[in-house]
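Take this structure, written in C-alpha cells, and hold onto it; I'll ask about it next.
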C-alpha cells in the first residue's frame, strides 16, 4: 500500500507540473497573445479614455475668452489647496466695476486629480483633460496659470 | 521602534540563546511596501515576529478632521489603494446615513457593480503577488492581463485607474460610460475563460500546494479574538461578510454565497479568494443587465453638515471589514474620524500563526493575509 | 568542409614545426585560455538574453527590444553598466574572502569546461576519468558560495549560503547516480568514448526506461545544483532578498551572475553528451539517405543545438514553477530522488549485464 | 439578545452605567475603573460579545473617551458601543487585550496617538511613530510646526 501511495504521489505531482508547463509552453509558442504596449512608439495611436483625469485646464474659445467668473468655488472645493484665484476689478464700458480673474493659479504638483473642482464650478469654466505626460525638468514649471494672457470673460456669464 | 544604536546591535550580534534577528523590510521584496518585520529566528525557524509600522503613515485621520464631508472621501482612496472604490463607498454611505440622503437606485446598482469589479481586481493582483512571493513569476502577468481589463473599465467610467474618487455623497460623480455594460460583459467572458489558467498554474501545482497546505493555520477562536475579518477569517470558518450581515447599496437584492471554509491554512485562504472572485462575477452578472434608468445622484445640499452624534459604517473591502467611525459636532468637518482598517487587525495575527514555521512559510502566510501597508498605517 | 578538427590540427602542426614542444604547449595553453574566456563572455551575453526572451514570451511580454535589433545588445549594455558600477565591499565584511569568492565560483565553472567535447575531436582535455572529474569539480562551487555568504557578514547571505550548501551536497548524489547509469552502459568514464558509444543511437533512445528515468533525475538534480528556480533557495529573492550575493555589486555581482549561466551551460552540455549523444548527429537505423543528410550538419551545431534545448528546458521550469521550501527541497532529494536513482541504477545494471539495450 | 436585555444585564452588573440609544447602536458609558470587569463579563456568558471590531479614543478637549465597538461572532447584528471617560492629564485605563487579543495593537496605537496609558498591557510601546516622538498627534491641541496639517 505504501508503495502505491508513493508512486501515485510521484505521478500526480509530475502530472500537475506538466500541466503548468503545457500552459506556459502554449504562451511561449503563441506570440499573438503578447500584450505589451510599446508606449513611446505608439504615441500616435494611443487613445486614452476621454474621461481620464490628467490635468485641469481652462478652455478658451477663438476670441480668447473663458467662462471663469472668479467665484472661487473651485478653490473652496479643493481639498489640498491646489487652486488659487487672484481677482481684479475690470471697468466695464458702462463705467461699472466688474469682478474678474487676474490669475487662475493651478499647482499640478499638489493636485490629486479628484475632480471636485470641476463638479463645483457653476459656469463650467474648467475641465479635466486626458493628458498624462507631465514630466518637466523643474518643479516650478508645474505651477500653471490657466487663464491665457489677455483673455477675458465671455459675455453674458455672471 | 529602535533607535540607532539598537539597530546596529540588532544586525551584527546574535540575540540571547544564539537567536538570529533579521530586519525584514522596510525594503524587502515580499513585504509589498514598507512593512518592517523584526524576525527572530532559530536557524530557519521563526521564534517571534514583531511588526514595526509607520513608514507610510500619513495621519489620514488627522487630515480628515480638516476636510469637509465632500472632500474627505478622496483621501480614503489612498488607504487601501486596491479597493479604493469600496473605501469611497464606505465614506459616502456614512455621510448619506448621517444626513438621510436618498440615493437613487441607479447609483446603488452601479456602486455595487464597481465594488465587485474592484474586489476582483484586488484579488487578481493578490494572486499574482502571492505567486510571486512563492517564486512563480508567470501567474503575475496572466493575472494582470485580466486586471487590466477592469482598470480600463474604471478608466472609461471613473477617469482614473487606481484612486477613482467616483463616489460622492448621494450617488455618483457622473453617469457611467455608455460602453460600460458591454465592456463589463466582455470582461466576464474573458475572465471565465482565463480563470482556469490559475488552476493549472497555481491551484493544482504540487509545489504550490505543499508550500501552502497546513501553513499558517488560524483557528476560528483566534480569528475572532484577533479581530480578523474578510477572507482570512472566512477561511477559518468565521462568518463575517458585511455584505450579508448589514447589506448596503444593492447587496440585499442579489444572490451570492458567503464563501466559508474551515481549514484556516494558507491554501484555504487562497481558495476562499478564488471562490470569492467567482461570487463577485455572479453578483455582477445579476446586476449588469438591470441597471435602472434615472438619476445618478440624489438631491443634496451644497454644504454637507452631519447632525451631532456618532456614526459608524461598515463595508466589506477586498481585505475584510472596513469601519468608518465619525464623531460629529454638527459642523462641516468631522470632529474625530477613525478608520478601522482590516489589514491592521489581520497583521496582528501574523506573529501568532507563523511562530514555529520557517522563513519560506512566512512568505506564504504573509502573502495570504493580503496585507496592504498604506491600509495598515493609514 | 572546414571543420573545427582541421583547424586545431593545422594550428598544432604549425606550432610544432615552428617551436620546440614545450613552447608550443605553452602557446597552446594561452590560446585555450583566451578561447575559454571568450566563450565565457559570449555565453554569458547569449544566455542572459535568451533567458530574458524566454521569460518574456512565457509571460506574454516582448522582453528587451530597445538596444539593437530585437534587443540583442541589451546584455552588452548591461555588462557595460555593471563594469562602470562601483564594486562596494561592506565595512564589516571579511574583505579577502569577500573579494575572492566570485573568482572561486568562476574558476570552478572554468575548470569544468576542460573535458567537454564541443565537436568531433574538439576537446580541451580528453581525460580518461572525464565523468568523475566533472562530478568532483562541480561540487567545489559550493565553497565559493559558502565563502561569499560567510564573508558578507550579512544574515541573509549567511542563510542563503547555508541553504545552498545543504542543497548542493544533497543533489550531487542523485546527479552522480544519474551519470553513473550511462557509465554502466558505456563501461567507460572517458567523454570521447561515451560519445562514441552513441554512434548508432543516443542513450536516451536506446537505453530503455532506466535511461529515461535517469535523464529526468539528472535534469532535476542539476537544476537544483545550479541554484535555479524552482530550487533557487540560495537566492530566493522573496525570502532572502538575494541570498548569498546580497552584498555584492558591480562586476563582482556580475561574476556570480555569469557563473550561474556558465554552470547551466556546462551541466546542460554534460547532459547532452551523456544522454543525447554529444556532437553525434541524429541517426535512424537503416535510413542511409537520412543519416547522410544529418552527417552534413557540422558536429558543433549538433552539440550546441542539444545543449541549448536542455537550457531551454531548464528556463521553462524556472518561469513556470513556484519555489520549494528548504525542508521540502531536502525531502524531495532524500525521499524521492535518491531512492529512485538507486533503484534505477540497479535496473540499469541488470539491463547492461543482460545486454538488453540496443 | 435585545438591547433591553443587555441594558438589564449591565445595570445588574454596574448600576452606575448610563445608556444612550439615540445612535444606531446602544451606547454604554461607564467609569474607567469599572470597564475591565464589565468587558470581562460581556465577553463571557450569556452575552458573548467576543468580537472587538473597533477600539479608539476621542479627544473632547475636556476629557478623553475610550470607545470600544463590540459584537458577537454568533450574532453579528448585535452591536454595542462601550465608552469610558478618562482624564486628560493622566489618562489611565485597564487593558482589555487579555480579553480580545486584537486590542493589543489597537491599544498601542491609541497609546501613541492619545497618550493613554494601558495598565497591564504586555507590550506597550510605540507602534507607528518613532520612539523619541514628542506629543500625541491625534489630540486636538497637537501642533506640528514641521509637517503642517492645517492648510
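Just so it is clear, A, B, C and D label the chains in written order, and each chain counts residues from 1 on its own.
Criterion: a contact is a pair of C-beta atoms (placed from the backbone, for glycine too) under 8 Å apart; a residue touches a chain by one contact, two chains touch by 3 or more.
Please read all numbers here as calculations on a predicted model, not as lab measurements.
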Worksheet item: Between B-D and A-C, which chain pair is linked by more C-beta pairs in contact?
Response: B-D
Worksheet, complete the sentence: Relative to chain D, largest Cα-centroid distance belongs to chain C
Fill in: chain A and chain B, separation of their C-alpha mean positions in angstrom
25
Discussion item. Can you compute the centre-to-centre distance for chain A and chain C, using the mean CA position of each chain? Integer Å is fine.
Written reply: 51
Discussion item. On a C-alpha centroid basis, what's the spacing between chain B and chain C, in Å?
Written reply: 45
Worksheet, complete the sentence: chain A residues touching 2+ other chains are 17, 20, 23-24, 35
Worksheet item: Which residue numbers or ranges of chain B touch two or more of the other chains?
Response: 138, 145, 201, 205, 207
Fill in: Residues of chain C whose C-beta touches two or more other chains
58-61, 319-321
Discussion item. Going by the touch rule set out above, what shape does the chain contact graph take here: line, ring, star, complete or other?
Written reply: other
Response to the item:
Inter-chain touches occur between A-B, A-C, B-C, B-D
Item to complete: Would you tell me which residues of chain A are touching chain C in their complex?
Response: 10, 17, 20-21, 23-25, 27-28, 31, 33-36, 38
Fill in: chain B to chain A touching residues, read off their complex
67, 70-72, 74-75, 138, 145, 148, 152, 155-160, 163, 165, 168, 173-174, 177, 197, 200-201, 204-207
Fill in: In the complex, chain B residues that touch chain C
11-12, 20, 22, 28-30, 44, 131-138, 140-142, 145, 201-202, 205, 207-208, 210-211, 358-363
Fill in: Interface residues, chain A side, partner chain B - complex
12-13, 16-17, 19-20, 22-24, 35, 48-49, 51-53, 77-79, 112-116, 119, 128
Worksheet item: chain D touches which residues of chain B in the complex?
Response: 1-3, 51-54, 57, 59, 61-63, 66, 97, 222, 224-229, 238-240, 245-246, 309-312, 314, 321, 323, 325, 327, 335-336, 338, 340, 344-345, 347-348, 352, 377
